[in-house]
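Both complexes below contain chain A, partnered by chain B and then by chain C.
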Partner chain A sequence: MANTACFIIVSRNDIPIYEAEVGSAMKKEEAAQQHQFILHAALDIVEDLAWTTSAMFLKAVDKFNDLVVSVYVTAGHTRFMLLHDSRNEDGIKSFFQEVQELYIKILLNPLYLPGSRITSSHFDTKVRALARKYL
Partner chain B sequence: MIGVGKIKQYTNVLDKPLSRGRQEVSLSAFAFLFSELVQYNQTQVDNIAELERRLEDAGYAVGARVLELLCHREKGNRRETRLLGILSFVHSTVWKVLFGKVADSLEKGTEHEDEYMISEKELLVNRFISVPKDMGAFNCGAFVAGIVKGVLDGAGFPAVVTAHFVPVDGQQRPRTTILIKFAEEVLRRESRLG
Partner chain C sequence: MKKPTVLYVRLPPVQRLVEIKAVAEQLHFKTSTLLLHGGKVVEAIAWFNKHIASYRQLVGSTKNSFLHWDWLSRQFLVFAELLETSTVAIPSTLPSHFGTSENPLTEWEVQPAYYYQLAASYLREKRYCLDSSLSMTDSASANTLGKNPESVLPSVFVGQSARLLEQGDTIEVLPLSDAEYINYAITEAQRFQDSYEIIALFKKAYESFNSLKAPRLASHCSTRMAKEYFIAEDFNNAKLHFDGVSSLYRQEGWVTLLWESLGYLRECSRRFGSVKDFIEYSLEMASLPIFSAGEVETPNSKREYGPAGLPTLSRRESVQNEVFGLLRGENILPLTDGGCSLIITEEQPVRVDVDVISPLRMALLACVAFHDQSVKPGSPTMMTLSLLSQLPCPVEVDRLEIEFNQPKCNFIIVNAVKDLSTAQLDMDSQDVRVENAPSLILPTNKWLRLTYEVKSGQSGKLECLSITAKIGKSFMICCQAESPASMEELPFWKFEDQVETFPTKDPGLTYSGLKVIQVEEPEPQVDLILGASSPALVGETFVVPLTIKSNGHEVYSGELKINLVDARGGGLLMSPREAEPFSSGNHHVELLSISGTGVEDESQTQFDNIRKIQQSFGVVSVPVLRVGDSWSCKLEIKWHRPKSVMLYASLGYSPNSTEAASQRVNIHRSLQIEGKIPISISHCFMMPFRREPLLLSKVKSLPGIEQKVSLALNETSVLIVTAQNCSEVPLRVISLSIRSDGDEDSRACSVQHVGGIPADNAPLVPGEEFKGIFSVTSKVDSPNLEVGSVCLVWKRDLKLGDFEDSGVVTEQKLPSVIVEQPPLIVSFDCPPHAILGVPFLFHIRIHNQTNLLQEIKYSLGDCQSFVFSGPHDNAGFVLPKSEYIMSYKIVPLCSGLQQLPQVSITSVRYSAALNPSAAAATIFVYPSEPEFIVGAKKQETILV
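So, the complex of A and B:
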């Protein structure tokens, strides 16, 4: 179980549409902001890496102290980014794939504007449950 | 007594599985719905260019969703990073799922490097539509052009996509061609990737 984990979904236009702190450790205010900063700084690397491979799961993209950034890029170039300190790659891959299914279901809603914030509380609950299960 | 009974349980859409679902939809139902869509938009605009743009916007929303869904279902989570890859994805997979058959042909434009054409003898959406003479070159295939644009834009290949009628000798109804003109950055990235 990862102690710290920060999960954000960034749309194609580099706008974050969902964020959640899913670690089991106590949340500190500055730590949360630092996590988001690290993830946003990794976006450039992800952009370059995404065009070199046709796989969706890009493993560890960037490191900061002992925290690792892992990224999963979907067909529509929506990036799922996870900042964590665990070493369990298969668990992270399964987590991303489950979140991708949830994301597709949200996207299929004709009233959802692609690239806008995901406000569904049910989605939030499910993502946190998945994080507890896989991370 | 009124009101006594089992309370209906509403399951959230996120809990239902993302199954393949029913593959086929009634053609007449779709044709009717599409004709109503065109008629509704006709009342909202005063010129043809605006009408085509509205149909294209409607298709764009469909294209964005089709891309994510089909890459998940059909391609086992592999993205397209090359131009020819995404074009053949549109030409075969997208067409097969939406219209039940692969598109008739995919050609590269001869005059310009950045132009590609997908041709179809009779577009499904145009099958039951006849365009009056005073509407000139209006083509309801703008809806399909919007779908292609949504798929290409979503995958990171911005392009201008339009639908045109191309008269064919020996055939009464003209062929429909979807013309795709890619943006500069796509060609630059393609040549950089080699």
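So, the complex of A and C:
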């Protein structure tokens, strides 16, 4: 499992709707804000890259020190962004795909307003389990 | 690099690492320069990444790790500068294969800005390590500073340092020990102003990202730059940059990042001693949607979290408590490391304004809904005031001041629980209404609804402008009032998973409620009477009497507006397509004048000055009227076309002479008036009796095409003009005449009145016809002869007193006629009447007016009523300019009105048949010789 990993889902109107620190060790100097600052900055790169390829998985789009930002863009332009330090590309891809399935299940919930914050604890638990499995 | 073995000294470990890195830097610099010079950007970057990857781990001992970070930062800086100087080569080489497996470079990695900001981050790392190693050494090595080498020089070898010793004339270069070197390095590093360097690098990256239209990357740089300014205690610049980034985060809804920036901003305002800013930032922070449970803050968390601390619910609560403590008059003590003490005094009250785009709407949102859409003046209406706060702890408001655009409606709601003496402290004006509310506590995300009565005496718009909440003695938060119907949701909270609540109890009002209500005008107590007997007749000056009568109001500065509008819609009373203009313009209906019969003569002159009349619009001023007085005037309207028209009269006045013009009362009346054609005029041309010219244009006329009437040259024709009263009122005809239009035509054609016009002012009841007979003799052969126009002068058969005019002229143009020379003229000659059994002569004369010999054929058909002698069919020749006469002797066999035998004459040359009309071929047969008793012995001829 990765040492550091921060997973965030950004809705199509650029608002973060889910955030989770999924790393095994929370390093002191790498706090949540720092990660979010990096991920937010990486949105610019995603904007550029997302329209150049038909692939959903954009792989690593940005680097910050030894941290890498991997991005997966869904058809509805919701972006899954993962800040991580491991280099296991296949694992990350599987992680994203499984998270997308979970996300679709959330979207299918008639009580969920698309674009609003995901507060489901079940989703959270599942995402964390997937992170343990793949990252 | 080849090592010169003679002088080369193997250095101690720290310096050895420094040396290795310095050498590597040299090599890398040269390689990169060469690669970039050759335009191989991708290779250069790959080379750089390899270089960094192989040296990044070589941190060295923690004490001197700052040397490593310094070096690393320099690598990035140097590479960035190299890239920047060779940017010309970049754009063309690299567009296609980003992100592929063989080229994992992103577009941003070829931008120098990327390296600048990394250089800045490593420099920050260096400063952090330097600080920590300084704090370690401060106590321990205070004594060692004494033997700090005075003169250290870079030696001849790259990356080596040596001490320079001067002993008399000899200059000796000695190697340093590691401890000495570290001391030297630390003192060197301390001299260096890292902060400014870091800011400069971030600024470079920030500007470059901004120009690349990457606002988020730029804002990341900006945040770090602002933090650097904050550390360097340049709060002005820090605030400037934090404000910039926080607006981006606010817009995109990144709550955690906004929390962090606001924390810094709040700290900046504390340093400035700006109470207002401090309150605003604190309120915004406290109302952000952050719910995470608190984590334990680590002792050195300040570095990671900044002054805002962890984004948790408990932290929000403590921020709110802190700021509300300040509002209630507590003091916020200055920080140990500087800043001002914050306190709100009564001398300097703080007022925070919240408008529809302010982020502080989260802290306090006020919306106002009137229960009705309009209200009569002076009668009360209900209004619901709703307040919402997203602050984590309940907020207690001491006083609410509601402000309207009509200051008389303003009122104050006082919290009954609070001590009234404080609330009424500054209530100097007694005329402001004060309401009591049992409690004014706003729980989190729950609307506080207050319903009150409002009464307005002034007509017009009543709008709630703002709601000012007063907390403590000297703090006010002034919210712009919003209508629930058009209220925007709170940008941060709308996607939160929370209970949806309505600002008003009635959900319908939530969707339709407005903060504006229309106060109607007071009921007019003046009568406006339009008296007119429809319909109006086209052409006449139609008079509509208008009366203003005051029943309860006095009329001051009254203004009467008259408007004529097409009743069928369309507004305008003219059609632009109809090009034929009337003498008075092309308006179909025209307001001619408004003649007042004023009670006072002096006001009459004044009134004439003000009045303004256009073709369908008129304004006149009305003199001052006391209660019971009345004033009337007459509207003169003229119709040019039959049209139905709405006449709108509206009177605006103010019931008091003193009051301003705002309090005006309006009264409107309308009347539909039909405009009708009074008289329809028709005409027909006739030939003289039993005289038939052969008109070739008639013979050649094609069926279906409407032909002009043809007249024969030098012959006298009869014109009968018929005028029918098609209105519903009796009329009088004054005269009927034919007016020729020009001199030329008057010579060409002479029209003489023959008869049919009765005595003056003949009455004409509805539906009745009236005929005038004229003889027309045309003397010019013309295909298009204007005969003239019918001029009918008429008037209404009414006794209207002073309204007695000379009559209305109705003119109708007669169509033009063809005048031509007939080649043949046939006239029938027979006695006016016949007597049964008595033969009479019947002549048919054919006059040849041409210079040609005309061959004619003629026939006479048998009939039961007559026997005749002569040929049935015959042919003959008419010599030029002469006459051919056929004579028949006819004996009538029946009495009464009888048809003569059918005559048919055919001109061979023109192949035209000429049949006399039925009237011409009819004769009355008496059974015996009639006895006429005529006194004057005059044998009367009886015409049919």
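The rule is simple: the second predicted complex is superposed on the first by the 131 of 135 C-alpha atoms of A that agree within 3 Å, B and C clash if a C-alpha of one lies under 4 Å from a C-alpha of the other, contacts with A are read in each partner's own complex, and residues count from 1 in each chain.
By our rule, a residue touches a chain if its C-beta (ideal position, glycine included) is under 8 Å from a C-beta of that chain, and two chains touch if they have at least 3 such contacts.
All values reported here derive from a predicted model rather than from experimental measurement.
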Inset, instruction - For A:H77, select first, second, both or neither according to whether it touches chain B, chain C, the two together, or no partner. - result: first
Inset, instruction - Considering only the touch criterion stated at the top, classify A:L102 as touching first (chain B), second (chain C), both, or neither. - result: first
Inset, instruction - Check the residue A:Q36 against both partner chains and state whether it touches chain B (first), chain C (second), both, or neither. - result: second
Inset, instruction - Examine A:D124 and indicate which partner it touches, taking first as chain B and second as chain C; both and neither are also allowed. - result: neither
Inset, instruction - For A:D48, select first, second, both or neither according to whether it touches chain B, chain C, the two together, or no partner. - result: second
Legend entry - If touched residues of chain A are counted for chain B and for chain C, the larger one: C
Legend entry - Overlapping contact positions on chain A, where the chain C interface meets the chain B interface: 52-53
Inset, instruction - State the interface residues of chain A toward chain C in the complex, per the touch definition above. - result: 11, 13-17, 19, 28-34, 36-38, 40-45, 48-49, 52-53, 58-63, 65-66, 113, 115-117, 119
Legend entry - Residues of chain C that touch chain A when the two form their complex: 56, 98-99, 104, 106-109, 118, 121, 209, 214-217, 219-220, 223, 249, 252-257, 260, 298, 300-301, 303-306, 311, 494-497
Legend entry - chain B residues touching chain A - in the complex, by the definition given at the top: 12-14, 16, 18, 61, 64-65, 67-72, 77-81, 85, 154-156, 189, 193
Inset, instruction - Would you pull the chain A residues touching chain B in the complex into a rising list? - result: 12, 50-56, 73-78, 97, 100-110, 114, 120, 122-123, 126
